[in-house]
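Alright, structures below, take your time with them.
First subunit A sits with subunit B, and in the next complex the same chain sits with subunit C.
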Partner chain A sequence: MSDQLIQEAPLVGIKSKLAAAFVKGPKDFGLVERAFMTHVTLRGDPDSPAFRGAVEEVLQLALPSGQTITASASGCSAVWMGPDEWLIQSVEETGPELERALRQALAGEHHAVVDVSSGYTVFELSGRRVREVLAKGCPLDLHPKVFPVGCSTQSHFFKAGITVLHIAEELYQLVVRRSFAEYACLMLLDAADEFIR
Partner chain B sequence: MLQITCPWCGARAESEFSCGGEADIVRPLESETLSDEAWGDYVFMRKNTKGVHKEQWFHASGCRRWFNAERDTVTYQFIRTYPIGAGASGDSHGAD
Partner chain C sequence: MAQTNRIPQGGRINRAVPLTFHFNGKTYQGVEGDTLASALLANDVHFVARSWKYHRPRGIITAGVEEPNALVQLESGAYEVPNARATELELYDGLSAKSVNAKPSLENDRLAVNQKIARFIPAGFYYKTFMWPQKMWPKYEEFIREAAGLGEAPTVLDTDRYDKRYAHCDVLVVGGGPAGLAAAWVAGRAGARVILADNQPELGGSLLRQPASIDGLPGLEWVARIESELAAMPEVQVLRRSTVFGYQDHNLLTICERKTDHLPLARRQGVRERVWKVRAQRVILATGAHERPLVFANNDRPGVMTASAVSTYVRRFGVLPGKRAVVFTNNDQAYQTALDLYEAGARVTVVDPRTASYGDLPQQARRRGIEVKYGTVVSHASGDLRVSRVTLSRYQGGRLAGDAGSLDCDLLAMSGGFNPVLHLFAQSGGKARWDEQKACFVPGQSVQAEISAGACNGDFSLARVLSGAVQAARRSLELEGFALPRLPAWSVEEQGEAPLLPLWLVGDRDKVGRSDKQFVDFQNDVSAADIYLAAREGYHSIEHVKRYTAMGFGTDQGKLGNINGMAILAEVLGQSIPETGTTTFRPNFTPVSFGAIAGRELGDYLDPIRKTCLHEWHVEHGALFEDVGQWKRPWYFPRNGEDLHAAVARECLAVRNSVGMLDASTLGKIDIQGPDATTLLNWLYTNPWSKLEVGKCRYGLMLDENGMVFDDGVTTRLAEHHFLMTTTTGGAARVLNWMERWLQTEWPHLKVHLTTVTDHWATFAVAGPNSRRVLQKVCSDIDFAPQAFPFMSYRNGTVAGVAARVMRISFSGELAYEVNVPANLGRKVWEALMAAGAEFGITPYGTETMHVLRAEKGYIIVGQDTDGSVSPIDLGMEGMVSKAKDFLGKRSLFRSDTRRHDRKQLVGLKPLDPKFVLPEGGQIVAQPTSGGMTPMLGHVTSSYFSPILARSIAMAVMKGGQSRHGERVYVALRDGRSIEVEVCSPVFYDVEGGRQHV
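Showing the complex of A and B:
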């Protein structure tokens, strides 16, 4: 009888490989999985004051209108995904509650809110070589002048679609589809090989 | 690699995009009275322009939006990109 659900991190299958790659510790490049973060996809008309107002009231942050990240005091952040789409992220496991609160606030407004937490995982990439590792499979111009801290955008790392968040000087987050997590991680380890050996 | 200017994301690498073929093809309104030949023309027949061609492009690994582009099929130069519906006078982004 299974009356308990046990969540498994998307990288569980290559856990030992990941640990073995960093036996010497993350010196010039580090990769840590932040599984089970909350991700909610939000769509609506960015020019509608009612839509914006309702969302900002619930999330306590201003929805970004360019390729940036905004954050609330309570650890919730909004990432621009397209002209009428945002990804709401939180370190707390609050997907269903967030979805419900947004739906309630947006009742009557043209919108879409879906808790997509189980479809994604997050890699935290850090270190002096982080840009070089990313650049091996991602065509973005990652120079801090072009893609400074606080910026985010979607692109690809080899064949995996990614959302890149520039969190701090040498710290990036990749939001990766769960089904691509193993592939993206193995490709990252391969790309980082010369820096972590 | 080519750089393509997404109307929403700016200049990005070609590998983030996919091409959706000829732009501005209008679906026939009275399809129930359409001849087989006219249907075939709408579904299958496409221009094979040598020179400036209007195409649909998709920012597949980016904002996942469709937009239109004017591209020279001889030189591969993107002359401009613009949101679908913006037409000739809408917001456009010239190639750098």
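Showing the complex of A and C:
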């Protein structure tokens, strides 16, 4: 992972702005960029046992079939994006490695596996005000009754598409497209203005 | 200054905190808890406004949102608010306001003279009067707008912060009066997620002005108890100072929460107003009722108020608005006002058109010795700037029946009954139903998931309000599947009440146009006579009468007067009120500031600003940026104070003579996988794809259904069933949507998956005769030899240590490569290429140079040289249109219009003056023109100075242009000049195309 040292995160342009926003610490609302996570888009027939079997063998997890997230013991997770689409996240393997492994396992099955690691970044949002901040730009109901821990959904925050993952009680992840990351981050900071000042 | 009308004790105010405020330049004192209206009344200021059209003196009529008169221009500069309602403005220290529509001052209003000519300017007069001469209309309009108007738009930018949020709940309760509180409490107890929104700073609604006893507690103590219990329920949210202003489809309700308006300017911080967009499973409307005025002559004199407003000022604000009061009512409720006034020390006479009333309140009033004149009406009010006397008439059989003397007074409290506030119900799609017994419109069938409760449902007794609210909550909970809590049975003493006597127009019908005006709509100066006139002139639909008279327009939208107006129209037309119907209730319930509607999406936050992974590098190297769609792209990189022209010339020549590099990461990129990928491409593009070899690239044109070009780009075959498509920067999302639409709706059987990889890959165009040598320095695992890696092919390799896809394609006509690497590593690779190219003078270039280079080669830019009406044939690209296969848009290419030979076709233009650069958009004409009508042959689409050719060049679309090469035509300029140009091929440079093949 020597690339790690020379990779550049999507939020590079507002690094100092982001640091300055939390000088008082992320008490009610915190935002951290988890850059360089591996993201692979997986498409395939959810009803094909061969497809599921091959994927689950490689990833060591059960592919989710609702708006949920499943995870393997080795730090790999699968996010349901639609009836025949998943976003595979990993912190262990690189995108090209995962892409190669999945393609090999799925040879002969109609599928698509695409490394999009550089295409997305992840914001980790925390704190007791996090849902209020999200409510400023995301029209979905994220109340824990409706969207408990372990759920995922695609939505938008103002005009940026987002995938929301409910990781823990007051901890959410947003998967954001690289080119929208700075905008989405600035909108989040602006929405959180009253909680981080 | 003394608050002469302040009652020594009582009310929801804090006399220990005096507040100073300024109105029309004078300084007054109020106290904490006052509104501007109550503070003015405390200082015995009734005359606060001039009316819209006649400039009559006007006073405060109400104590709430329905106020038509007491509109003020609040504050100035960045905090200026036009048409604020004094009845809703919470007083703060230092508040400054002035009357609207009065110049130079309220007392000396220049246009007060309009009162004298009022007879001659009834409804519709200007439609008839100002019609000729027609060309004078703009002058007339200026005068009318000056004369008739309300507040003035602020001229300084609003510095306040506004925002919005979404919210979701099981039950949204609108209104914090007894009904709303009861319903919210029941729903909250069931564990439902509840939002209660109330437009006042304090909960309680009508209980703030009415004595009541609930479960043996005084009304406001019950309110306090409910309020504290609601506060303890974690899923209940109470929004004060929050007006639900719209009921939209799918139970989306919009609320404006005012967060800082009640504070002195210096203490305001953070968000001023927040718009809540609430998706509610169920809505309980508990919006209360507005009292109706009575329609008699001069009923607009300052000092004439609705009875409930008078009670509000006495009981809630501790202000006695007059000492010698007449209460004119057709119902029992207003007797409470008589009692309130009496207890506060006023002399009171009640005037009641009914023959008698044995309800509890009238009996109480009579027991206290309050004089009641039954069978009597107030037919006329006198007094100039304040009511001073009312004339009474006997009232029999719905007609005036002779003089009944007069009364001196300084306050007239009037009550014509109550109108349920149906605005939100009506906005939800519901139709109002006329209740003959209650003489008011009540909610009919629900259309959306809502229930009305309390006074807005036509329940005017407290016992029925509470029981109705409990039932509304119960029904909502049942429908949402909640287990019911134990339902409360709050005990309230029922009061006996006699029925009201509908009274829509007091005065004589036959004198309606000749006596003093009897106002129906105060804000728009619409009198009963105007409605009569409208009916005489043939306007019978209530919607037409509204437009003819202006009744129901304005900031109050007819909250006070509309029902009276409809009833009067019904009587004139000899039809019933339900036959006459109501006008449409539209959002917004009360005006909403532009700031709140804009929220935070202002300036840089209006739209996403998308940046490539090299953005910071570009900034560091002095790039100026151009907006392309949402992207920021480097436009050019000036050095040492170069202007655009000089920088672009340098960048262009670097590419033509050595090597340059462009950040092309914004190009749309779509990964296409599956056995049917070629089938899909064959449908999408005009040219065939089946035979494209793996490792090869091909340019494609995409047409819409009309056969018009809508995107283009190069697609590469990465593997047998795997392609990478590129689209235009601005077209990426549109193309992906287009492809998914066809796949999902028409061709679901195709086995192919699309994935957007625009953001994943950073793309650099390395262009120029030295580009090969640059790449060879940083990439050792690709053979760059011309035969090994020919034009329009692709190789995988390692560039500067990073796995890369390298395509040999060119948008400049030079030997060129596109290097694709993951964006997280983009800057590293870019910098390595810059370092490797240093010895060749590698030059970063921007979009302007890219445009010039491609124009020299006659390459189109979709969206610049095309506009959605240009076919491939028009572009001279018929060779790219397959005859052998079908594709989207093909059939349209055979329509007679598409085959016309005189369609606008792509051409090149060379100005005879080689230094003159034509303006893009310039019109092509056959002969020099000096402003007369001339047939237009086409227009310039792209125009530049070409440094390599040392002359100006342009691309254009021109009627029949392909057969007119060599002709001379003219381009007309805005300044009247005509520039002679030669029509030519759009390929200006390296016509044989040898340079990109080297």
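Assume the second predicted complex is superposed on the first by the 191 of 197 C-alpha atoms of A that agree within 3 Å, B and C clash if a C-alpha of one lies under 4 Å from a C-alpha of the other, contacts with A are read in each partner's own complex, and residues count from 1 in each chain.
FYI, a residue touches a chain if its C-beta (ideal position, glycine included) is under 8 Å from a C-beta of that chain, and two chains touch if they have at least 3 such contacts.
Everything quoted here is computed from the prediction, not taken from an experiment.
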Subunit B versus subunit C as contact partner of A:67, first or second or both or neither: first
Subunit B versus subunit C as contact partner of A:139, first or second or both or neither: both
Partner contacting more residues of subunit A (subunit B vs subunit C): C
Touched partner set for A:191, first subunit B, second subunit C, both or neither: second
Overlapping contact positions on subunit A, where the subunit C interface meets the subunit B interface: 139-140
List of subunit B residues in touch with subunit A within their complex: 1, 8-9, 12-13, 15-16, 61-65
Residues of subunit A touching subunit C in the complex: 3, 6-10, 12-13, 35-36, 41, 43, 95-96, 110-112, 114-120, 132, 135-136, 138-141, 143, 145-146, 158-160, 177-180, 182-184, 186-187, 190-191, 193-194
Subunit B-facing residues of subunit A, complex: 67, 81-83, 85, 139-140, 153-156, 161
Touching residues (chain side subunit C, partner subunit A) in the complex: 163-168, 193, 270-271, 277, 279, 600-601, 604-605, 607-613, 615-616, 631, 671, 673-675, 751, 753, 755-762, 802-803, 822-828
